[in-house]
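Okay, got some structures for you below.
What follows is subunit A paired twice: with subunit B in the first complex and subunit C in the second.
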Partner chain A sequence: MTPGAVQQLPAWGPLAALAALAVVALSGAMVNDVLAARFSGRRGGGFAPIAEAARLLRQRRRSTVAADELLRRVGVAGLTVAAALKVAVLPVGAWVVSDLAVGLVWFNAMDVLVWAFVWLAGWGQNSVFPLVGGYRFLALALAYELPLMFALTAPAVAAGSLRMGDIVAAQEGLWFVVWMPVAFVVFLAAVLAFSLQRPFTAPMSADITGGVTSELSGVDRFLVLTGRYSLLSAGAGFAVALFLGGGSGPLLPDWLWFLGKTVVLLWLLVALRRRIPQLRPEQLMAPAWVVGLPVILLQVLVVAVVTINGRSS
Partner chain B sequence: MPEAILFVVLAVIAVAAGVAVFRTDSMARASYALAVSFVAVGLMLLQFRLEYIGVITVLMMVMEMAVMAIFMIMFMGMNPALMPMDMVHSKKLSAGSAIGLFLLLTAGILLADWPESRGPAGGDLTASLGEAIMEPKMLVMLVISPVLFATLVSALVLANPRGRYSTYPLVPVEDADDDDGQGKGQDHSGDSAGHAAHSAHGMDHGAGNSDGHGQHHDGGGHQ
Partner chain C sequence: MGLRNVLARIAVTRCHVFVAEGYAGAGSRMAVERWIADKGWVEALSPGDADILCICGEVPDDQKDAVERLWDQLPGPRSRIVIAGPEHAGRALDGCVEELLDVDEQFRLEAERTATEPEQDDDGGSDDGDGDTHADMDHEGMNHDGGKDEGSGAAQMNMDHGGMSHEGVDHGGMEMPMPGGIGLAGEGKDRDGLDLDALKVPLGPYLPLWPAGLVLHCELQGDIVLAARTEYAFGRGEELPIGGPSGTERAALVRQSDLVSRLLALAGAAREAAKVRGVRDAALDGAALDECRRSLAASGTRLRRNWLLRRTLQGIGPIPQGGAPGEPGGTDAWDRLLAMLDATVAGTAGAGGVPLGLLPDLVRGVEVSVVRLVVASLDLSPQPAPAVDGRAR
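Let's look at the complex of A and B:
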């Protein structure tokens, strides 16, 4: 309703947003490998993602017999693209690439694209384990998507707008996380789910020899692994914009606060998911729908009542 | 002018992807060609400044195709869905009804007495859409949405043997049950003689897969 809340960047905006996404995602991967090294009693590990990327980019890509190359490539490259498209509507401080009036719905649509891409990557390889992995992701996705949608509803109802800039602006007095903690927790769980992080790693777990990733090598594997960290980073960014006040903070400029909060939240998520065991795919549906949905619906009800009372008074 | 060009490009993509749905021999390609067609339509709606409807179209259609992939395994059994197959059947009836419907809709578009545009649409179109749905059309929405939701849930419950015959398993189900279910499924698809061609394809694919696996294990050593 107030298009002036954030300022759209000129033509170099998309490049800057992509670069920021890449740097934030790389920092997440580095933290992960530092933690992994420390866990096994070594020091360092921070450059392991770069070394791994260099190794994968030099590796020859392997393909399976009678693979559906088109679908496989769309799926493999799609995860990173979906993350980049999400970031396009994310206000970084006072700047945004595209100030879409329905930015929140756009985010949701891009996260549904992940359903398609993971399944296509699994299907297109014409191999049993990737196919099983693709279907496992759909099983998880059916369970987490509805709670995620309602978790997105809460900030939109409170702000009275689907525009990301308005949602951030509505948190000037009080961050949404303070009075919608359930929505925040459900949203973070869904972020872990759509970025294929534990406990939602069943589509690529060891019991199906890596599932969707089992036949991928070289640049294909690199793109999928990058896509997971990009989606996690984009999710952390949206958690900051939707619940943690976006770029608001004392002294430092908006964008720095925003990136700082995003990076800290991303690192926390990376550290947290290392400590959670993996769920079997059929274990998510009942908790997500029998417990998660009623709880998040109550949260939306509370938010709606508070918002309407606030407006009428 | 650039907007018009973009519109034409999107329209061509939408139609071409729609044609591809029936030309391909793979269920996966057919369903995602349909998704591409709808995404192009969604982007055209964005051009009309109908942002909410456009983005929701993209969201719903992509999700629908993903769910279609689940249905295709649940209701068709594993084999036919995974094998190459013809995407058209009862050709004369389908072609006839498609052409008839197209003519009907075109005639409707051309002959309808459309209201004159009263200046540019003002304000927040998403908000006015919401008001239109929630105020005058509230009853319709209240009737439709539970019916749609009940359809979805009951389809899932019926397709899942555990959903039909027992409550949600709080203890892990024994393996014997699973084996039984799979055995039945295979018997069923093997029974129908019409699927003989499919089972031949199945053998091809089986061979393909095991080759792939050989490669995989070989490759594993290099990593």
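Let's look at the complex of A and C:
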């Protein structure tokens, strides 16, 4: 409705967005390792992601016999790319890299790309356990994708627009999380799922020796691990824009509010998912479709009725 | 060289260790696991993720080949070590760190490795796929007819791990009917009577969170086990007693909490697994047994409230009522987990192992993750008699 709600950044915008994504993702990884260290009675731990990166960067890259190199590389690099492309339409305060009129659909499309990337990474290695991991992700994705799509529908209906800037602007009076709590929770669960975090880690779990990641080393593994945290960070950012009022807040500039909310939400997600045990791959379908879908459809119905009443009055 | 050294220094603060447990290596394995946890290192899930190959206990001669193959899968920089007893773990791993830090030597070794492998590729003929001896050996288990070297084919945790191609080396066998010299999967009837590809995959013996020495030869259709057959890659003896007068009781507690933490880790309950493992380590250190039992009892209470975990384990690997004596009839993995914990708390642990013959029936027609949970829910480690010989022929 209002194309000028946010301002598109000039050419350095994408670089700034990438840098912000990298910093936020690194903070998530650091929090994770600090929590892990504290849990096992060690001090520190915040340095662990850097050590891991150094280790992987000096490690040799290996590949399996008769691997489909092209597909494997596409899949391995894809997770990070998908996260970066998602962030491109995310309004950070009043700034956005690309103010697409269908930003929300773009986000969803990038999310579906993750299906392909995880599966290609598993398939391309021509090895049993990565392939099993890839299939497991498809099973999970089939279960979480529909509830996620409907969860995205709720803010779009309320704002009457698919443009991310409009959705943020529509929350000026009241954050969407207040009257769409179900959509918010479903969205967060889906964020954990598309970033391969617990409880949705079956595609790379210990029982299949790391699944999709079991044959990856060096820079390939680095890209997959970075991709997971980037997707989680991008997901947290979208949760803030869609449900938590984006950059709105007193005193501080709106971009700072936005980043602050995103980082806090990301840390909460990181801490939360450490406490949840992993689901077996076949266990998600029934709860997601039998419980999740009807509940989120009800939520969308409520949102639609409220919105139409609000407009006509 | 400066940057290389800095990277190496940073990298060794977080080594990934692949632990391969050999014959009578449980004590060493626990010591290594402990060292890893204390240092903030990581237990690698696959050799492809490891910097250090750590062999705990003895590896019989017919398994040497398998260990070499694990070693081949470490991407490098890499280091390997054999741990002969729990007391050597710390010093041995420190030695590995020294090796990893020797940047020049590692660089030279890697260069050597990269240089020799293409030659091997060319040795056998013009087709790089077929001529690659590595590829042939490593994919042994995939040939439908079983292959000529079954013992070592079985020894691998995942035969696809093996052959490595490096940058510039293209195993471009795509156009050939047998890509990379690997035999294609055979066919078999699935659960619904449809013809599907059946792939032979041995699980074990060097698999993390797996009873040492056990090999489960699976025929997989997708991720469903069509049929399975068990074997022991090496004989097993009595565990070495730990501690002083209360040795056996303590050993039982250590073994049981080790089993419980393994099952929890596979079920994805990492926190609870770490807690139970902490109790195990405390018991190894000589903490009061009552204290340990209290902690385990607390874990049991927490687990009973964990409905997600219960959902994961309930109905897994049900053993029918009224089997042979000694079999935990009428139980599933969840019951067995709680029973293991309760028995340890009550100090009555140490019931005999489950007859291996049960396993193929329990895993037929289920998904790989379920297979892992079923195996972990049974005490398959203490097989006093060396079961089947490792080499089939």
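The working rule: the second predicted complex is superposed on the first by the 313 of 313 C-alpha atoms of A that agree within 3 Å, B and C clash if a C-alpha of one lies under 4 Å from a C-alpha of the other, contacts with A are read in each partner's own complex, and residues count from 1 in each chain.
Here is the rule we go by: a residue touches a chain if its C-beta (ideal position, glycine included) is under 8 Å from a C-beta of that chain, and two chains touch if they have at least 3 such contacts.
Everything numeric here is computed off the predicted structure, so don't read it as measured data.
Contacts of A:L279 after superposition on the shared chain: subunit C is touched, whereas subunit B is not. Look at A:G218: by the touch rule set out above, it reaches subunit C but stays clear of subunit B. In the superposition on chain A, A:G45 makes contact with subunit C only, not with subunit B. Of the two partner chains placed by superposition, subunit B and subunit C are both touched by A:N126.
When both complexes are overlaid on chain A, the residue A:L138 reaches subunit B alone and has no touch with subunit C. In the superposition on chain A, A:L252 makes contact with neither subunit B nor subunit C.
In the superposition on chain A, contact of A:I208 is made with subunit C only, not with subunit B.
Contacts of A:A54 after superposition: subunit C is touched, whereas subunit B is not reached.
Considering which of subunit B and subunit C touches more of subunit A, the answer is C. Judged by the touch definition given at the top, the superposed model places A:R198 against subunit C, while subunit B stays out of reach. On subunit A, the surface touched by subunit B in one complex and the surface touched by subunit C in the other have residues 62, 64-66, 68, 125-128, 135, 209, 214-215, 217 in common. In the complex of the two chains, the subunit B residues touching subunit A come out as 26, 28-29, 32, 35, 51-52, 55-56, 58-59, 62-63, 65-67, 69-70, 73, 124, 126-127, 168, 205, 208-209, 211-213, 215-216, 219, 223.
Remark: subunit C residues 4, 6-8, 10-11, 13-16, 37-38, 40, 45-46, 48-49, 51, 73, 75-77, 110, 129, 132, 134-135, 138-139, 157-167, 170-171, 173-174, 179-182, 199, 201, 207-209, 220, 222-223, 265-272, 274, 306, 308-309, 311-312, 367-370, 372-373 touch subunit A in the complex.
By the touch rule above, subunit A contacts subunit C in their complex via residues 37, 39-40, 42, 44-45, 47-48, 50-52, 54-55, 57-69, 125-129, 132, 135-136, 198-199, 201-202, 205-210, 213-218, 221, 274-283.
Of all the residues in subunit A, the ones that touch subunit B in their complex are 1, 62, 64-66, 68, 70-71, 74, 100-102, 105-106, 108-109, 112-113, 115-116, 119-120, 123-128, 134-135, 138, 141-142, 145, 162, 209, 214-215, 217, 286.
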